[in-house]
Amino acid sequence: MGLTLIFGVLGIADFAHGDKMGWGMFLAFFIVSSEGANLGFVGGRFGSLSFGWGLVVGLLVAMIGVALISVILERLVFRRLRITGGGFFVFAIASLGMSIMLRAVIQLIWGPSNFRYNPGIHPAIEILGGIKVKPDQFFIVGITVLAAVLLYWLLYRTRFGKAMRATSDNPALAEASGIDTDRIRTGTWIIAGVLGALAGVMLGLQAEVRFDAGFRLLLPLFAAVILGGIGNPWGALIGGLGVGIAQEVSTEWINTGLKPGIPFVIVIVVLLLRPRGLFGQVR
Amino acid sequence: MEQLIVTLVTFDGAVNWTVGFLTTVAIFAILALALNIQWSVGILNFGVAAFFMVGAYVSAVLTLPPPEGLESYVAGWGIPIPVGWLFAMVAGAVLAILLGIPTLRLRDDFLAIATIGVAAILRSIANSVEGLVNRSRGLNGVDGFLEDQVQGGDYRWVELAIALVVLMAVYWLVSRASSSPWGRALRAIRDNEDTAKASGKNTVKFRMGAFILGAMLMGLAGAIYAHRSGTISPLTFSDLLGTFFVWTMLIVGGSGNHRGAVLGAVVVGFFWFGTPLIQESLPDWLGSRVFQVRQLLIGLLIVVFLLWRPQGLLAERDRVSRFVSQGPDDRPGGDSGSIWRRVRSAVSR
Amino acid sequence: MSERDPLFRVEGFSGGYVDGIDIIHDIELDLYRDEILTIIGPNGAGKSTLLKAIVGALPFERGRRSFQGEDVSGWSTPRMIEAGIGYVPQVDNVFTSLSIRENLEMGGYMRRSGLQERIDEVLAMFPDLEHRPGERASRLSGGQRQMLAMARALMLDPVMLCLDEPTAALAPATRGELFARIYRIHMAGVGILMVEQNATEALVWSDRGVVMVDGEKALEGSGTEMLTSPEVGRAFLGQAEGEGFAIEEGMTS
């Protein structure tokens, strides 16, 4: 969703988004892990969930941290590029460059190993029809839906959100209307950063914490954004669900190793049939 | 006496390294030239690794003998190596056509995503489909061209010669191509797609042509790489080395400029492949992390160049580089048009 | 400020998009609150450029512009708009992906209070828009879009409205309706400065007309003078020699 926001509102395909998620994941890990414990962030657990206050603090730190990274990169790089006048290409390549840098720094600090937030086995509980779900997964789904609702509320119900959409639609006219488009852009990066961090932490909770996890997710992410229609938060949510389900279900018929290819196939099919995404609106 | 031997050894080592380095750089220079052809029509290929990989694998499986023992791969017909190269080019072209048909008509950003995706999917196919290309074990024992005719130790000179000759041929080809009417049409498309369209040029066809040509050359580079290194595995063709590295070369050297692409390959290649040379002399804390630092610096290099020297080391003569001023139409995030763009729109009022 | 002081004045005004290349030269122009002033002229004469200069959207300018007696030379567009000048560009003048109401909210972005009241007031001026404020602007017809663009510009209660070819893409029937709407806005106390290609029609509604040629002011006169002047008619209204006044299409429409 963060990605769709940047893509849609600012028209920048941020290839570094995946690695910002990676940063969120690791910042939270830093807090929950032993280093964090030394700083006093040890927590019990919430009921049957696999984490406690440590992760909540970690999530907050991750959100702030990634939002900061986003803003710094936008100030240092994207804003300058906008002034010197660069096309979509320049933004895309620059973001790819930053993606590589962010990943390298993660490796420098934490090394190439994989981690878990809370080692150990977390039993799944059975819900209807024998489907097993881990309590953490309930939490993840709940948070995601909450984030989508908040984002929708922000974009469609607040003055700032409407100004974001206006800036996306017609930057020149927005500026002429007295909207401080620079502030709007910065705000967009912050929100995207926070969402990216959230996604990263959730991903770390669900799977492993690894340095290239964010980058690996980039293609599914773009697939979800394209499937859902660029710049549309509901679309991104449903697109994300769609891509995720397609990936999992596909393993019934095809080799598990091919799973990463599924998003790509989806991208191509959607591009051929509905270039604006399933929920894209006609302009 | 001992002193002399040491010198000889080091001298020999230096020569060895230099020959190997130049061969690798020549191969990457071919990739950079190929990418430049695509880039020159505004095709954002983020999947160079895919074409590189396809070329390498196709030529390898066709020229290898039938699989034995634990190995399992298709073909294995043992055909002559130059024919394998040809097939590598064909394979690159086929991939370009398959990918270009759905995406070239669409927005530029979709092509970028599609190409980055095709690289990912090809890697995962190579890694996981049994009996295709020996999965993650990779293909080993890929023969070099004329390798059986030459004494073992001297073969590296042949490799270098092959790479350089092909590089020169490719350079000649792309230079000819860009000074031909076809090349002029490509530049017209890059500089202003609408105008080019209006003047009756079928831009999709031209872009497709450039995409295919670039893909063929990337396939060729892949084939040369495979026969040179003897061993290829899906890991070789990572996004970092296979795609991003080539982009860095192009941007550092100067995009839209063939000499720049080659120069970029040398400079960035030296930076990258030279790092292990100094690794031992670095303090421990840095030496152990030198590869991550190298990766960081490559990312930094590209951003720095985009910001401060967008035209690269060698600026495109008489023509404005793709990275310099562009109109607001090309920049969805932009808020004010470039000066010339405004003049044009003002004049057209 | 007395009634006959100009609302807006430009003096010795030159400027363009690039330093050193002027598109408009040495323009003198007054606009009074109680008039509709139309700038006509051939393509490339610098009409739109002049309008942009007035609202502070031209990167390079020399000379003086003043608004309500105050020197506003060098003011940016947002500042000019806040000061009370509404500006409707020729193209891309609405947020297509936003609803009518949201467009108006954005028009009133700088308002500190009374936003909702003003939206209702402005909507009341445009019956076409009033009964469906939730409609996305992309679904509106050309004429309705132009209305919305004007409504947007009215959100900050401007005393002066600058319109860049408001009828450029409209069918003749819609054009008349739009001019009538502009006239109504004017009667509510807003000085109107517009650039028009549909010169004859626009001059019928105007108190005064200015002809620009090659970036300079070539002629000035009342709307009727312009319409009946053989020179203007021949050169800009597409009339043959001796034909005199006739309602016709502008030469470039």
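Lettered A, B and C in written order, each chain numbered from 1.
As a convention for this text, a contact is a pair of C-beta atoms (placed from the backbone, for glycine too) under 8 Å apart; a residue touches a chain by one contact, two chains touch by 3 or more.
All of these numbers come straight from a predicted model, not from anything done at the bench.
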Sorting chain pairs by contact number gives first A-B
Relative to subunit C, largest Cα-centroid distance belongs to chain B
Taking mean C-alpha coords per chain and comparing to the overall C-alpha mean, nearest is chain A
Dist(centroid_CA(subunit A), centroid_CA(subunit C)) in Å evaluates to 45
Rounded to the nearest Å, the gap between Cα centres of subunit A and subunit B is 30
Whole-Å distance, C-alpha centre of subunit B to that of subunit C, is 54
Check: subunit A positions touching at least 2 other chains come out as 172, 175
Residue set of subunit B touching subunit A in the complex reads 42, 44, 46, 102-103, 106-110, 112-114, 116-118, 120-121, 124-125, 127-129, 240, 244, 247-248, 251, 289, 292-293, 295-296, 298-303, 306-307, 310, 322-326, 328, 330-336, 338
The subunit A residues in contact with subunit B across the complex are 10-13, 15, 77-78, 80-82, 84-94, 96-105, 107-108, 171-172, 175, 181, 185, 218-219, 222-223, 226, 255-261, 263-265, 267-268, 271-272, 275
In the complex, the residues of subunit A that touch subunit C are 159, 162-163, 165-166, 168-170, 172-179, 281-283
The answer for subunit C against subunit A in the complex is residues 55, 57, 77-78, 81-82, 87, 89, 92-98, 102, 105-107, 109-110, 136, 138, 152
